[in-house]
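Okay, handing you the structure first.
Note that the chains are named A, B, C, D, E and F in the order they appear, and that numbering of residues resets to 1 at the start of each chain.
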Amino acid sequence: MAGLPSSGGIPPSADRAQPAYGAHLLAYAGIPSFMRRPATRELAGADVAIVGVPYDGGATSYRSGARLGPRQIRAASTLLWGYNAALGVAPLEVLRLIDYGDVAVQPGDTAQTMGAIAQESGVLLAAGLSVVALGGDHSITLPLLRAHAARYGPLAVLHLDAHADTWAGPPDHSTTFRHAIEEGLIAPASYVLVGMRGPLWAAEDAIAPRELGALVWGADECLTLGIPAVVASLREHLAGRPLYVSLDLDAADPAYAPGVGTPEIGGLTSHQLLQLVRGLRGLRLIGADVVELCPPYDHGDITAVLAANLVFELLSLLALQLKGQQP
Amino acid sequence: MAGLPSSGGIPPSADRAQPAYGAHLLAYAGIPSFMRRPATRELAGADVAIVGVPYDGGATSYRSGARLGPRQIRAASTLLWGYNAALGVAPLEVLRLIDYGDVAVQPGDTAQTMGAIAQESGVLLAAGLSVVALGGDHSITLPLLRAHAARYGPLAVLHLDAHADTWAGPPDHSTTFRHAIEEGLIAPASYVLVGMRGPLWAAEDAIAPRELGALVWGADECLTLGIPAVVASLREHLAGRPLYVSLDLDAADPAYAPGVGTPEIGGLTSHQLLQLVRGLRGLRLIGADVVELCPPYDHGDITAVLAANLVFELLSLLALQLKGQQP
Amino acid sequence: MAGLPSSGGIPPSADRAQPAYGAHLLAYAGIPSFMRRPATRELAGADVAIVGVPYDGGATSYRSGARLGPRQIRAASTLLWGYNAALGVAPLEVLRLIDYGDVAVQPGDTAQTMGAIAQESGVLLAAGLSVVALGGDHSITLPLLRAHAARYGPLAVLHLDAHADTWAGPPDHSTTFRHAIEEGLIAPASYVLVGMRGPLWAAEDAIAPRELGALVWGADECLTLGIPAVVASLREHLAGRPLYVSLDLDAADPAYAPGVGTPEIGGLTSHQLLQLVRGLRGLRLIGADVVELCPPYDHGDITAVLAANLVFELLSLLALQLKGQQP
Amino acid sequence: MAGLPSSGGIPPSADRAQPAYGAHLLAYAGIPSFMRRPATRELAGADVAIVGVPYDGGATSYRSGARLGPRQIRAASTLLWGYNAALGVAPLEVLRLIDYGDVAVQPGDTAQTMGAIAQESGVLLAAGLSVVALGGDHSITLPLLRAHAARYGPLAVLHLDAHADTWAGPPDHSTTFRHAIEEGLIAPASYVLVGMRGPLWAAEDAIAPRELGALVWGADECLTLGIPAVVASLREHLAGRPLYVSLDLDAADPAYAPGVGTPEIGGLTSHQLLQLVRGLRGLRLIGADVVELCPPYDHGDITAVLAANLVFELLSLLALQLKGQQP
Amino acid sequence: MAGLPSSGGIPPSADRAQPAYGAHLLAYAGIPSFMRRPATRELAGADVAIVGVPYDGGATSYRSGARLGPRQIRAASTLLWGYNAALGVAPLEVLRLIDYGDVAVQPGDTAQTMGAIAQESGVLLAAGLSVVALGGDHSITLPLLRAHAARYGPLAVLHLDAHADTWAGPPDHSTTFRHAIEEGLIAPASYVLVGMRGPLWAAEDAIAPRELGALVWGADECLTLGIPAVVASLREHLAGRPLYVSLDLDAADPAYAPGVGTPEIGGLTSHQLLQLVRGLRGLRLIGADVVELCPPYDHGDITAVLAANLVFELLSLLALQLKGQQP
Amino acid sequence: MAGLPSSGGIPPSADRAQPAYGAHLLAYAGIPSFMRRPATRELAGADVAIVGVPYDGGATSYRSGARLGPRQIRAASTLLWGYNAALGVAPLEVLRLIDYGDVAVQPGDTAQTMGAIAQESGVLLAAGLSVVALGGDHSITLPLLRAHAARYGPLAVLHLDAHADTWAGPPDHSTTFRHAIEEGLIAPASYVLVGMRGPLWAAEDAIAPRELGALVWGADECLTLGIPAVVASLREHLAGRPLYVSLDLDAADPAYAPGVGTPEIGGLTSHQLLQLVRGLRGLRLIGADVVELCPPYDHGDITAVLAANLVFELLSLLALQLKGQQP
C-alpha cells in the first residue's frame, strides 16, 4: 500500500511536527512544505533535502519576483501524488525526504548569499544528503555547483535553459556557467546545454558556450529532431560522472511557463521537458536545482505546477538510483 | 445561404424569446445562451439540448470553481460561427438545438444533485433529444451515464482525461468510471481512456483502469505516437455501440487549459483534442459532456474557448449523424 | 412571500422561456439575463426594460472594452436578491421587468448606432415602458436623451461622472451633454453634474459645464462636505421635472471601480454612490443608464457588481414611484 | 529585545522544526505557517492555536474557492511584524502560539466536516488553548460555536458580516447564526451583527436577525455615524460574557476585500474594521474566526493581507487579556 | 564588438534624444521606443521605420483593446538582444532603424484612419524607408497594402491568420484581403494564407479565399504536415515579387497568444511561426505588419513578447536583404 | 488656448524628437515618455526633469518588482490632461519639463546605484533643474536627499509612508531616513512622517522616528482627525525651509494602491493623498520622489494611475512656485 504522504522512513518524532498535519490528504489543505514532508533541520536519517533559495538579486535581466518561487513551488507540490508511473517508482517510499526550509539569503548582497548557499548546501552534502534546490534566480546555481564539486569532484552538468548564462563578469544570473567552468567545477567535455534560443547580445554569444566546451542543443534543434535524439546524445556525453542538473524554467516556451523572469518564444513543451528529465534514468544524478520561477507573472500557477512536477521527476530519478544501490 | 444564428428549425415563436435578440450578429452582444439558441424547456421539435450542470461539490481534488463553468462556456460560445469546415457541416442548420438551461443542482449535496441530473437528462432523452452537458466537476458524468444507459443499454465510452477517476469510494468526481463499470453502464471492452498521466496515488492506480477493462492511451503515448494512431485504435474499440464521450478539459496541457481544477503537465494540445473528437466521425455518438472548466483560473478565457469549440465539434458529429439518417 | 425570481406579472408563457430556468435560485447557475427576468421583446404588460448597448466605438479616451459591459452587468445581477431594505421595496414584486436584450449597434459607426439606440428606445417608451440602459461607453446617452425628451419634453438630468463630457465636437463619448443641452433635451437649470475631478484639458473645461447651465458638485466637494449636503442641493435643483439619471461608473474611485475606461483618482466610494441614488427618492425618475464598465480591467468583477447594484437601486426608485401611483 | 519570530515560550525542541527555519526574517522566505509559529500538535504549554478549516462546501452562495483561504492567510501572515503599536502589545511575546494546521474536513460532506471541526476544536479548548480559526466558508462557525459554548456556556457573539446568515434551513453557510441561537449557544441579548447590507431575499430578512435577538448595526449606519458610536454600543451589549468574534471578510467593501465569495457594495473600510476589532479591548474574548477569503478572486492578495492583519489584532487582544491576568 | 543597442548609423544628434538614455542596457529601464531606437520623424539616413497604428475601431469581432498593442509591443521589445543566431545577422548593425511613433489615427472613424495610414506610410516609403507596422486591428493592413502597391506595384502577400478576412463589405478588419485583391494591390496568384481554421460563417467562407486566388494552408494541414512543407510551397508561390507579410497574431494558438481579439483553438506554436518567418529568407520582403495584439487579455505579456520577437525576425530578413545588396 | 501637450518652452528642435509624435492627443497612442515630454538629456532651458530610477535591489521587504515602476508611471501619465483645476494651474504651460529617462542603476549593487543616483541628480540640480524621481524602491531616496542637501543645505522633508524606514543598518529601503537625519541632510525639527501604521518589529520602532526628531502623524490619526488638521500641522512644521517630498505609495490603503511592495491595511484614500499634496501649496518645494510602485501586483493599473496623478500634483506645485517668482 502506498505510504504517501506519510513520513516514509523519517522517524515519527520528526513527522509529529509535519506542517500538513490535519486534513492531510487534500491537496489544498495544510501548511505547504514540499510534498508535505517534515520541515526540519534534523538531517539524521534523511536522504534528500528540498532547499529553498528565495533570492532574486542576482541581476535578473528583466522581471524580478523569483524570491517567491520556493514558496509557490511548495504550494504546487501539494498537488503531487506519490507514484511515478512513467519511471515506475514512488519516490517517497524509497527516499527519506525532508524539507529543509530556505537558505539564509541576504537580499541585495549576492556575494554573501552565495556564501550562505554554498555553506548550507555543503553541510547537507556532508551529512550525506542529496540536495534539490528551488530558486530563486539562476545566480544560485554557482554556489550549489561549488558545494557539489567540493564533495564529488568535477561534475557533469546538464543545463536546461533558453539562455547560455556564459557571459563574462562577476557572479550573477548571467555568468554562472562560465564561472563554473573556469573554476573547474564542471569536468571537461561534460557540460550539455539544452534549449538555447532567442536573440543574443552578439554573434560571439552563440559560440561562447561551445568554446567553453559545451555540447549545445538549441531549442530549434530539439523541436525539429525530437527529444529522443537529444536524450541519446546527452546520455552519451554525460555518462560516467556525477551529474548535476540545473533546470531554468525558461527552457519551456512561455505558453508552458509564463511565470519566468526572461521569457523566450520558441521553447520546449512540458512533455518535452518530461522526456528530457526521464531520459536521464540510469545516469548518476547527484543534485539538481529548478530556478527562475517568477510567481507574479504565473497566471493559473501553471509554471509552478510545471516546476513541482519536474522536481518530482528528479526525486524519482534519485529514488531509482537509491533503490538500485540497495541489495 | 447560411441560416446562422437563426433558429434552424425551432419554431419562430420560440425564437421570439431568443436571449440574443438584438445586435444578434456580434459575438460580444446579447444574452449568452449557448450559440444564442433559444433558452427554453419546450422540447417538442428539438434534436439536441445543451444542459448546464453548475456543480462543483463532488469532492474536487484541488481548486473549486467549476460551478461557474456552464456560464462561461456559454459566453465563449458566442464566438462560434456556424460552419465546421473540417467536418463539412453547419450543425445548427441540421440540428434543432435548444439551450435547456441548468439542472437543479443542490449545492453541497452530491447524492441529490446526481438524482436531479439523472432525472432531468432522462426526461430529455425520453423526449428524443440528445444531451450535451456542460460541467461542473466530473462527478456529474455518473448520473449522465445512468440516464443514457437506461435509454440505450450498455454504452461505449470515450473518456478524455488526465486522471482515471477510477478510485473506489462513494460517487464523486474521482470514482465516476469505476461506478459506471460496476453498475454495467459501460459495455464490456467498450471503454477507452485517453490522456492519462501525472503522479498517481499508488502503483495500483496505473493498473486499475485496465483491470476494469479500459483501453488506456496515456498522454505520453499520444504525444509520442501521434493522434492518428490513437484514433484508429479507439475507433476499432468503440465501433458498433452507442457512444458517450466524457471530456475532462484537463486532458489538455495546462498551457492550453489553465482553467481546470487539477492541472497536469505533459498533456494534449488543442489541435490534438480536435483530431481526437473529429476522429469519431462515423461512430454512433449518442451523448457527451465537457467538464471541469474552472473559470477563476482561466486567464484570457482560453479554456472556455477550448471548451466551447469542443462542444461545437461534438454537435457537428451529431449533425453528421442526423444527416446520414435522413433519406 | 417574496415572489423572486418569479415572473412578477409577465405572463407565464413568456416565463416559460426564462433563461434561468433550472437551478433557478443559485446565483451562479442559469443563463444570465438581468436578474433572470424574461429575455423577450414582447412588450405588452411590461413596465420596465433593461436594454444593453454593447458599443465602445464612441471615441473612448483610453481603454476600450466597454462593449462587454452589458454582458458582465447581467452576470453580476444574478447575485442580487429582491428586497431593498434601504428603500423598503422589492422592485420585482412591483415592476413587471423584462430584459430586452441588446440594441442593434453597428461597430465602428457611431452615427448609425446612435440612430438605432434612439429608435429602439423610442419604441420601448412609446409602448409605455421605462428604460434602464446598460453601456457601453458614454456616447450611448445622447440618443437615449433624445428618445426620452421626445416623449417627456425637456428633462432634468443628473449626471454622475468624473468627466464633464461637455467638449464641443461631433457626438461621441466626450460631447454628449453639450449636445444634449444645445438640442434642448435638457431643460434650463435642470442639469446637475456630480463627481467631476481630475486633470482637465484646459482651464475652460472647468467652467464649461457651468456655462452650459449645470450645477456642478466636484468630487472634492462631495468628499469634503458629505453626500447628504449634495443630495439636498440636487433634489432642490431637479425637483418637478421628469428626471433622467446617467451614471458613469468612473464617478467612483478606481479602488471601487477599477474596470472603467478612464479611471480618475479621488473619486466617490460605493456607499456614497448608494447615498446619491437613494437620495433621489420622491423625484420623478423616468429613465436611466449605467455606463463605461470595462470588464477586461475589472478584477474580481467588483465594478460589475457595483454596476448591477446601482441598477437595482434605480429599479427600486422606479418601483416606489409605480407603487405611489397605485390607488 | 523583541523576540520575534522566535518561539515565545514553546520549547526549543518544537521550534527546531519551525517551518520558517532559515532565511527567517524575510517575509517572502520559508514555509508559511501562521506567523512562522511551530506547526505542531503538541498542545502542552501553548496558549493559542491557529486552526485552518479549508472547507467551501457549505453551500456558498456564489463563488467557491474559500478552501484555499487558510493557506493564503498563512502566506500573508509572514508580512506581519510582531509589535502592535495601536494596542501596545507584542502578542507573540505574551502568547505561546502554535499553528495547529488544518482540521480534517471532508469535502462534499458538511455534516461530517462540522463534526470534525467541533471535535478538534473541542480538544484544543479542553487543553486550555484558545482557538482562532481561518476559513473556509461561514458554515464552519456553527461547530466552532458549539465547541466554545460547550466549554464556556452561552456566549456573547460579535458577528461582522454583510449578510445575516440567519435563514432557516439545514446547517450551511447561510443558516449559521439561526442555529446558534436556537441551540442556545449564544446567550440572550448577547448577539451583535455589524455590517449588514445589500439586497435581501425578502423583507422578512431585514427583521429576522432582530427577531432572533440581535443588535444590528447595518453598514449604512456604521458609515454614517462612524465606528466609535458602534463600538460604544456593542461594548455595552457584549460586556460581561465570554465573547466569540466571527468575522466574515465581506463585511469589508469589495474595494478592500475583492476576494470573498459574495461581495456586497457599500461596505466597511479596512480602517473601520481595525477600529471595530481594537474597540473590543477589555472585553473577554475567548475565540474567533476569520472566514470567506476566496483567493482566486483576490488580486494582489489584498484580502488575504487584510485577513492576516485582523487575525493579528485578535491575537493582540488575547495577549492583552493574558497579560492582564498575570500577577 | 556588437554595437547594440547603439544607434547603428543614425547620426549621434538623433541618438542624443534616445528615450532609453540612461540605464540603457537593462531591459526594464528607459522609455520604451522599439528596441530603444531613436523616436524621431527625421527620415534622412534611415532604412526602416517601426510605425504604430493604435486603432481598434475596425469592427473587431469580439474583444476590443488592440489600440494598446503598439505600446505593449514596444515595451516587450526592450527584452530583445541584437543578434539573430538563427539567421546569422544583427539587424540593427545593418539597418538604420527608427521608431516613427504612431500614425494619427482617428478613433471611431475607420475611413479617415485608413487615409492617415496610407498617407503617412506613403511618405515613409517615398523617403526610401521600409515600414514594419504594429497594430491595432487587422483593418490597418488595407491602407498599408495600398501604400506599398502604390510604390512597388502589385504585391505578393503572405497572410498569417486564423481567419481569412475575405468577407465582402466595406473596409474593416474582416474584409481587408478581398478589397486588396479586388483593388489589384495583390498580384494574381501571389497570395498565400496560412493558419486558417475554426468555425466559419458559412461553407462559402471556406472557398472564398481560394476563389480570390489564394493558396491556403489551413492550420490543420500545417500541424499535420509540418512547417517545412508549407515553407517550400509558399516560397515557390511568392518568389519573384515584392513580398508583404501581414501577421495576425491569432495565427498562433491561444496557448501561445492569449492576448488577441478573436482567439481560435488548434493554432500554430511560437516555434512554427518562427519557422514560417525564417523560411522567407531570400524572398524580396518589402514591408510587413504584426496585428491584433490585445493587451488586456495578455497575461504575463506572452503575446506581446511573441509579437516583438516576430518583428525582430522580420527586421532580420530586411537586414539580410540589405546586406545582400551591398557590394 | 491650452498648449498641451505641446512643448511648453522647450525649443522646437527638441520637440521634433518627441516620442509621442503622431496620434498625439490620444492617451493610448505614442511612446510613453512622462506626459509626452521630450525624452532628452539636453538640460538647457528646462526647469524640471522627470527622472526614473528602476531599482528594486534595496532589500525590499516583501515583493520585488518596483524596477518596472518608472515605465508604468510613464505609461499612466499619458492619461493626464494639462490643467489642474484644484490648484488653478496648467503645469506644462509654466514649467519647461523634460523626461530625462532613467538613471544608470546597477542591479544587485545598491552602493553603486546610490552613487549613480546622487551623481546624476546632482548634475541636474547643478544645471538649475528641479527633479521629480520615479521609483524604484525606497532606497533611492537617500542619494536623492544627498544631492538636494548638497545644493540646498539641510532640508525640510515630508515623508508619506506606512513605514518609518528608520531602522539602523546599511543604506537600503528600510534605513533611508535614519541615514538622512544622521548625515544632516534633514534640518532639525523639519521632518514629518505621515501615514505610519501596521505591525512593527518592536515597540522601539514606534518611538524611533520621534526620537530622530520626526513629527509623526499615524494613519489612524489622519483617518480619525481628517487631513485638514494634518495639513495645518505639517505646514507649520515645514514652512520656511526648502522642502523635499518623498511619497511611498504604500501610504495609501491597499484598496487604493494594491501594487506596492509591502501593503499595509488601514491606509489613506486617494482623495486624502490629494489633500495632503495640495495642502503644500505655498511651501518651498524643491524636489520630490514617488516610490514603491510594484506593477506586477497592480491590477487594472490603479496604483500607477495614482502615482502619475500625484506626480502631476507635485508638478503643479512647482509650477505655482515658478509662476509666483515671475515678475
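We adopt the following convention: a residue touches a chain if its C-beta (ideal position, glycine included) is under 8 Å from a C-beta of that chain, and two chains touch if they have at least 3 such contacts.
Just so we're clear, the structure is a prediction, and the values are computed from it rather than from any experiment.
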| item | value |
| --- | --- |
| Any chain that touches subunit C and subunit B | D, E |
| Furthest chain, CA centroid comparison against subunit E | D |
| Subunit B and subunit E: spacing of chain centres that average the CA atoms, whole Å | 38 |
| Cα-centroid distance, subunit A relative to subunit C, in whole angstrom | 55 |
| Cα-centroid distance, subunit A relative to subunit D, in whole angstrom | 39 |
| Per-residue multi-chain contacts in subunit A, two or more chains | 26, 28, 63, 67-68, 107, 253, 255, 297, 299 |
| Pairs of chains found to touch, sorted by chain label | A-B, A-D, A-E, A-F, B-C, B-D, B-E, C-D, C-E, C-F, D-F, E-F |
| Subunit C partner contacts - residues on subunit B that touch it in the complex | 14, 16-24, 26, 28-33, 38-42, 52, 54, 67-68, 70-71, 74-75, 99-105, 107, 120 |
| Contact footprint of subunit A on subunit B as seen in their complex | 61-63, 197-206, 218-220, 223, 253-255, 258-259, 262-267, 297-299 |
| Complex interface listing, subunit C residues touching subunit E | 56-60, 63-65, 67-68, 107-108, 110, 172, 296-297 |
| Parts of subunit D lying in touch with subunit F, wherever the complex brings them together | 1-2, 4, 26-28, 79-86, 88, 90, 253, 255-256, 269-271, 273-274, 299-302, 305-306, 309, 312 |
